[in-house]
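The two complexes that follow have subunit A in common; it is paired with subunit B in the first and with subunit C in the second.
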Partner chain A sequence: MFTALYELLIGKNPDPTYRNTVFTPVGLLTLVIMLGLAATFYLLLGRWKAVFHRTSHWVVTLVVALVIAFSLAVSYAKDATGEPEADSYMMGFGGVNLILAGLLFFGFSLLFRRGSKFARYTPF
Partner chain B sequence: MVRAKINWYSILPGLFLAGVLQSCNLAPKEEETPTVKADTINQINFFLETSASMGGYLSGGTAFKDIVSEFANKLSQIEPVRKPLAIYTISQEAQPYEGGVDRFVTSLATVPLANARSSELHSIFKQVGEKARNGNVAILVSDCILSFPDEDIKKNPQINVTDASSVLKNEINRQFAMLSKDTINATVYAYSSAFNGTYYDYQNKKQKLNGEQRPFYIWIIGKQRVLNLFNQKLQASLTTKPDKQLSFGGGSTITDYNLFFTLNRQGENWNADGQRITNLKGVRADRPAEFSIGLNLSGLPSYAQTEAYLTKNLTVMAGNAGVKLLTIQPKDKVDAKATEKLKTNESRMLSESTHILTFKVTQLFENQTPVTVKLPVRYDTWYLDQSTMDDRTAAGREGKTFALQHLMNGVRDAYETGSGSDKSFINLTITLEQ
Partner chain C sequence: MKLFVFAIGGTGARVLRSLTMLLAAGAKVPDNLTIVPILLDMDMQNGDTARALNTVELYRTIRTAAYPNGVAPATQADAPRAFFSTLIQSLGTLQSETTQERIGDSFLPQLTEHQGTFEEFLNVSTMDDIDRELLKVLYDNSAKPTSAELKLDLSVGFKGNPNIGSVVFNALEDSALYKYFVGAFNNETDRIFIISSIFGGTGSSGFPQLVKLLQEPSQKMPIRNARKGAVTVMPYFALEENGQSAIDQNRFNSKTKAALSYYQNQIHLDSLYYIGDKPGAKLYANVEGGAKQANNAHVVELLAAETVLDFANRGAGEFAGAKTFYEYGLRRDDRQLDFVHFADTTYRNVMLPLVRFAYASKFYTEYVPANLRESFAKSLGLQQQLGSSTYFVALTKFMGEAFRKWLGEMADNDRKFDPFNFQTDFNGMVRAKQIEPKTFMGFGDKGINENFLLNEAGDAEPKLLAQYPQPETRLMHLLMTVADKCMQKLGDLNRQLV
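Let's turn to the complex of A and B:
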């Protein structure tokens, strides 16, 4: 699923390493991390104390999520292919993973906010 | 006492982030390369045949002395070797030569070494072969003239002609079959040298030769892995290259290859995936797909690595698919511009290869078509031209060795029988999928 999604958006790389060892693990890791971040924001901190529940806090968490998603994709691809420097394909992959992470985080936010005590109306 | 108040809620997000960042390190680590124990030679055993028939090579200024001196000298420098070079002279029983390489090389030039009784080659090979086991390498320098013992020739002067192809060949075959069974292989280097002394023809009649060029041979016998390493090191260091060479036993069949995904590539849609090429649906004669594979042929005898040999003998079977072998390139002949563009993964694949084979696919009817690439074992046959069955005249023996074909055929049969008649140097399969 992730392979098809990434290849649809950034095109196919002739190096089979991407299909075989990069796309699926990076997609799954991104999914899990976004799930974890949203759950922490809404279900852990959002039910504990009213300290990290505002929209500005949500934006900070989103930015952190996007940074993680981008660097995860680029560093994973670099390690898997053995390239010393990130090339344009990797940067594109990082960008697509960033967008994916943003959508996932937003989706999980909508899902989890109902379970939160203090962040029920964050971000809107 | 002042109790420090810790704001746990401010630490929790930090802890979580630390955990997340840690998870980023789940990216595949560069595989740790297992420490491969280098192929080490236990000991090099150097045998010089010193039967009387060898005397002419050692008399006066001959290429033989130069070549053998260089061999002994270079052998003593090959590394890694656990034990120092052992030198033997051999006619009937191997005699250790005390005094080391320096004295041996000097004695070649000054002391008449070849004065022993005539020797039987199969007995020599038996003793030499014993010293090629357990990670050892054995080297034999000999004129390689097959001959019955003196007393048999006295009884029947034609025995060397009539029975070489049966009795003598079989004796040789038996010795090498034992070596072949233990995967001990052999390489033979052929040289020629001036010969100044007594030549014994197949009837054991003496002839005085004065500077006539005579062939001689250096056999290198050992386990395949050690033999390859040894041959590479030796060939790199020798200044006098052999006139001809032949390897018996090619080691295991090559079945592995690297499938390149951009090198020499034509066609955009196909995917390289291990030993499969997928998504070849759209290939047509006017829209072909071209791909390359990298092979490491360094374990093959050197003649089997030549472009000419590969071009002549490589077979490609692809059923009803249109698959053609376009080019066979030694790695160093691949276009430099193409190699510069390669990414790390493909550069590594290229560095692991010695030859690049490029294929063209023009038709694919089945969903899945296995393409088989084979290189059958075919021994070089130069020795047939270098063999004579009548060495009584200069014309008959010019550049030739008596009964060499029977000696070589005996060895060759030992390796061919041992490994099956359909043995291949290369036997690999590439699967093409629509």
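Let's turn to the complex of A and C:
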């Protein structure tokens, strides 16, 4: 699923490493991390105390999520391909993963916010 | 159980105002109590009466929306009652079996249709000469245009003249209001309570006449057998000198003595409460009546209101048959009072609910408007409704204006009762005890601060959501929950006089 998604947006790379060992683990890891971040924001902190529940806090969490997603994709691709520097394909992959992460975090936010005490109306 | 509360004259209205505050605060009363206040006053424009009416109407608006099925949550014996839990119903909304004439929904039904002077009320112009001469012996008919007794304009009350009021109240039996009351009183477990002053005009004349009517052998059985009580408010304030006024404060004590001796033999009630005070240094404006007669609230009125609760709280078996007299006494005669000055029952049943309500008031009128973007406020729809919905506006008026003003007036009076400081934060609001934060390096218990309130409100609101989907009811429960948490932070107050 992740392979099809990534290749749809950034095209197919002649190096089969991406298909075989990069796309699926990066996609799954991104999904799990976004799930964890949203759950932490809404179900852990959002139910514990009113310390990190406002829209500004949510934006900070989103930015962190995007940075993680981009870095994860690029570093994973570098490690897997053995390239010393990130090429344009890797940067594109990082960018697509960043968008995917944003969408996932937003989706999980909608899902989890009802279970929060202090962030039920965050971000809106 | 219905308790029909006749509040007669300006003092009756002021005590009713205090009673409404106590009921709003959840002062201790039986769970099934319904209060039917009946304001009796010729002076329909009286400032005291208007203020009491506004307060009761606000209460009614709030209660109707907060408890739409009419029933407030029952509480355990020692637990504080819900805010606005007691049903307050106007006489005109009850079913009356003997009269078809409706008296309207007001808490101030019209006593008489007469408009004009006392002389016109008596139809002096149609009297023969002998009767007219007799009247001149009984009443001042001098040339003074406004203060001569026969020339008094009754639309502003009796101006401290019970000898006039008693004549007017003698016609009470034939009034639509009284007939409606008789028709509506059909249950022997219901009770009657009368609030009046003994030193004015309206209360001191209306009280004995009303009791006489209730005691008449021809009176219907449920009324004759009903438990009856009254609070008689003796002089507790002094007036400014005003040579133009028909109210003569030099007669307060003599009128009180004369009335007391009459009550001793002629007033037969199950419980008769007496309260009064040595007038303080603050003088009230000597106003004969009308909109300008709006005296500051006084702690005596608060304690007089407590007698209504005391009477309602007494079980049927506590009325032994003989009439019982009660007098109120403070634990120490200081001019400035705090919670420690009141007896344990007053402290427990009245003062602690007031503290709880004060916390709720501060939370609702100060904290909530500044935090409308928080989840609990959004869930309650407060961003949209706080300034527009009838219920939320009424609650703001009651908690932020009426309640604060009432407290402020008592704080400004003599005797002074000033238990709260709303100008400071929650930790210092109760003057009797400052909540001391217990922190180390900025961490630890900071008392009642913004985070504490947000945590408590944010924690409580989602839990209440399932049980009370209607925002009005949920908000009321939220206020009580937050107030209870504040009370826990406050802990016990000192009960030792120092």
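By our rule, the second predicted complex is superposed on the first by the 124 of 124 C-alpha atoms of A that agree within 3 Å, B and C clash if a C-alpha of one lies under 4 Å from a C-alpha of the other, contacts with A are read in each partner's own complex, and residues count from 1 in each chain.
Everything that follows uses one rule, which is that a residue touches a chain if its C-beta (ideal position, glycine included) is under 8 Å from a C-beta of that chain, and two chains touch if they have at least 3 such contacts.
The shown structure was predicted, so the numbers you read here are calculated from the model rather than taken from an experiment.
> Answer with first, second, both or neither: which of subunit B and subunit C does A:63 touch in the superposed model?
Once the two structures are laid over each other on A, A:63 reaches no partner at all.
> For A:118, select first, second, both or neither according to whether it touches subunit B, subunit C, the two together, or no partner.
Second partner only, subunit C.
> Which partner does A:12 contact after superposing on A: first (subunit B), second (subunit C), both, neither?
The answer is first: A:12 touches subunit B but not subunit C.
> Which partner chains sit in contact with A:28 here, subunit B, subunit C, both or neither? Use first/second/both/neither.
In the superposition, A:28 touches no partner, neither subunit B nor subunit C.
> With both structures fitted on chain A, tell me whether subunit B or subunit C touches more of subunit A's residues.
B
> Determine, under the contact definition given at the top, whether A:49 touches first (subunit B), second (subunit C), both, or neither.
Both partners, subunit B and subunit C.
> Give one of first, second, both or neither to describe whether A:75 is in contact with subunit B, with subunit C, with both, or with none.
After superposition on chain A, A:75 lies in contact with subunit B alone.
> Of the two partner chains, subunit B (first) and subunit C (second), which one does A:84 touch, if any: first, second, both, or neither?
Only subunit B; A:84 stays clear of subunit C.
> Classify the contacts of A:99 with the two partner chains as first (subunit B alone), second (subunit C alone), both, or neither.
Neither partner.
> Jot down the residues of subunit A that show up as touching in both complexes, subunit B in one and subunit C in the other.
Overlap of subunit B and subunit C footprints on subunit A: residues 49, 51.
> Sort out for me which residues of subunit A touch subunit B in the complex.
Interface residues on subunit A, with respect to subunit B: 12, 14-17, 19-21, 25, 29, 32-33, 36-37, 40, 44-45, 48-49, 51-52, 61, 64, 68, 71-72, 75-76, 79-84, 87.
> Contact residues on subunit A for subunit C in the complex?
Residues in contact with subunit C: 49-51, 53-54, 116-122.
> Which bits of subunit C are touching subunit A when the two form their complex?
Residues of subunit C touching subunit A: 373-375, 378-379, 451, 454-455, 458-459, 461-462.
> State the interface residues of subunit B toward subunit A in the complex, per the touch definition above.
These residues of subunit B touch subunit A: 9-10, 12-13, 16-17, 20-21, 23-24, 26-30, 261-262, 265, 271-274, 343-346, 348.
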